[in-house]
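My structure is below; once you've seen it, I'll send some questions.
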């Protein structure tokens, strides 16, 4: 199929794009009266009004699905990589065409992965805060996460929020356990294909239609939204549309020079994300090491603890942090640490999973040699293990840094104006409908992210990302 | 509980229709006619001793170097204009500000107080009830800002103990897209089914202006007003200022908005205008206060005093908000003389706003 | 590795490593267990007077304005997950 690398890259790009930014862009595109797509429709057909309305449950579903499909993509494509080509080839030799082969051979083999991917998307969607807040409050529809947010508004009910959050946690935990079971069972099926050779599939004349289908999600999740965001960030008023006289760079000047709050938020985002990434990576390496070498009694529990935040929705984690660290004896609220530690916790599982798999593939001989020569455990760890893991550590660091930079759902509960990050400013700007500076900040945030991704790609090559994407 | 007449007795005894000019006249009466023509660079009302005070206050504030200001009084660009004017007048003091809806900044302040976080110097919300609550907790500093005498007299002592003062005046009115030739004339017109899917409002759980407006509508027309309004499927934003975005973009045609933001947008060439409702515009008297444990106490005092300078009123007028001083005319093109207004009493707001938020959530689902 | 060689007969330094792992474990407790435990604690205390009470659960799961969001969340998540069953290249 043409453009395989392109599709992988685009999928990764929609993976790193936070869905609240996508939701904002879709307001510009599909607000019932003023959305550009609706206006184009009205202009073309003369209909009294457009047919799209983003301020609906369906609208929110579409936006969330667009940004959560990369999870399914990651699961399914990793499963597909294990499907041996021989099985598909033998089906073909027996006279099956490719559609039939895919339907009868390939799909059953990856079905568990598909279901696991769908569960993953479900987990993401139910924990999602930004998109419902932007799209569903105007639609007068509430979901659990927006209701939790309202509990923290005046007159605030933090304890009621805690009670209300626990079932959400129960749902995510049980779904995660279900997903683990499915994956374990799935592995047995695909493991039979171990050692099989992968031969690229020839689609023949079907190439282009398949390519078109694969390109559809990126068009709606990336190309249209980023165009809308860019256009808005360069407009005096987005409602006027792309007409002459509406073009301005003022909002970038506003965000980068003029508005101190925005400038500070950018600095905070970068420094907090860096600190969170450092803490998470260090902690992940240490605990993964302790677990894999069984250095502590009950080391396995350490591993479970490090993976636990994976199933805790960001908003629930934030409520916990608020309950625990916004009052004496230990007050982190109001300091940068509140956000740093929350980010580090939230994305610790990514770093832990990465460190664990890297440690597992590490040869023990070198370590043992050093130990035999009398080097202490700590010294061996520092002088032997860490240098060997350098690449993986850097990759983990980045994979925590990137989501920390764009994290909204926990930041919204934990910041004070003195510690606001980019996403806080974006969320605050949305309340007044200040969409132009919001878009400019969003573009700046994503430029930072993609810049980093590009650097990482240069340093580590695509393989690291292809693999990490699954974490 | 609220005042029955559109003109507040306590503000303007005598039963006349209170007008902008009358209010200013009252203010001027106190200030004294002789000071009217005074040099604009000085602040006439403070008398001879004032400049020295201001100079020493500035010197002390400069040592502190910065001031942290949370405001809900007006739209973002007005807050930026105030910041710019302050920094121009008092170089060397950095102004860190956020503009957010009243309930949001109040909530953040409450959380900070609970956690013992000292971060805020000057608190400027649009819900007067916040200040009575904060005063009860004893977290506001009693301070009489310099130049307070520049205010219309009726507004000089909103709090008898001087824990907070008037920082901004504004109205909730009907705003609309200019493609409407005949906008709704009164609040009850919004209940007409012809405005179905065309109305935009803010949320009382976020915006102080909206909370004020909801309580006023509730007292005037009963809660039934909102059950009927809900049938017209209004778009519910958060800030009252969001209504202007909706109208300018053509997303909605009419809203319950604030005069300042609407007129500011109009002055930039956007297709929006305002209609003073026949059944009363809602007057919002927005207070400002210095926190008792402000990290930058003198800079905080300087900023609060700045509210009564000519520069502040000029920044207000530049962004189409009402001015606080007589010597800066109200924003052009808005003859407010005959505006009929209605104001909620603070005792009513204390209980009424939280109740209104709860009822609103039941009626509108958010 | 080069550093390891001269230590062949060197006296073993006291092994600090259990301390390091314990610190890591303590940080994990502080980051993961404490916040989640506090949610539990908070959930059974009243917002008004901080008394021990199950009232929050009663309020959260009987009032229709709080139940509707739960339904919406489930619908939203189920529908968002459905299209991801699409096979990838």
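Per-chain residue numbering starts at 1, and chain names A, B and C are given in the order in which the chains are listed.
We adopt the following convention: contacts are C-beta pairs under 8 Å (C-beta built on N, C-alpha and C of every residue); 3 or more make two chains touch, one makes a residue touch a chain.
Owing to the predicted nature of the structure, the values given are computational and were not obtained by experimental measurement.
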Problem set entry | Most widely separated chain from chain A, with each centre as the mean of CA atoms | B
Exercise. If you average the C-alpha positions per chain, which one ends up nearest the average over all of them?
Worked result: A
Problem set entry | Comparison of A-C and B-C (more C-beta pairs in contact) | A-C
Exercise. What whole-Å value do you get for the distance between chain A and chain B if each is reduced to the mean of its CA atoms?
Worked result: 40
Seminar exercise, completed: Taking each chain's centre as the mean of its CA atoms, chain B sits from chain C at a distance in Å of 42
Seminar exercise, completed: Here the gap between chain A and chain C, centre to centre from mean Cα coordinates and rounded to Å, is 18
Seminar exercise, completed: Contacts with two or more other chains occur in chain B at residues 361, 365
For this session: Please list all residues of chain C that touch 2 or more other chains.
Result: 65, 68
Exercise. So which bits of chain A are touching at least two other chains?
Worked result: 141-142, 146, 156
Exercise. Residues of chain C touching chain A in their complex?
Worked result: 1, 3-5, 7-10, 12-13, 15-18, 20-22, 24-25, 27-29, 31-47, 56-57, 59-61, 65-66, 68-70, 72-89
Exercise. Hey, which residues of chain B end up touching chain A in the complex?
Worked result: 68, 70, 75-76, 80, 94, 96-101, 103-104, 106-108, 110-112, 114-117, 119-120, 197, 203, 205-206, 235-239, 241-242, 244-246, 248-252, 268, 270, 354, 357, 361, 364-366
Seminar exercise, completed: Per the touch rule above, chain C residues touching chain B in the complex are 65, 68
Problem set entry | chain C-touching residues of chain B, taken from the complex the two chains share | 361-362, 365
Seminar exercise, completed: The answer for chain A against chain B in the complex is residues 31-34, 55, 137-138, 140-142, 146, 150, 152-156, 236-239, 259-261, 264, 326-328, 331, 333-334, 416-418, 420, 428-435
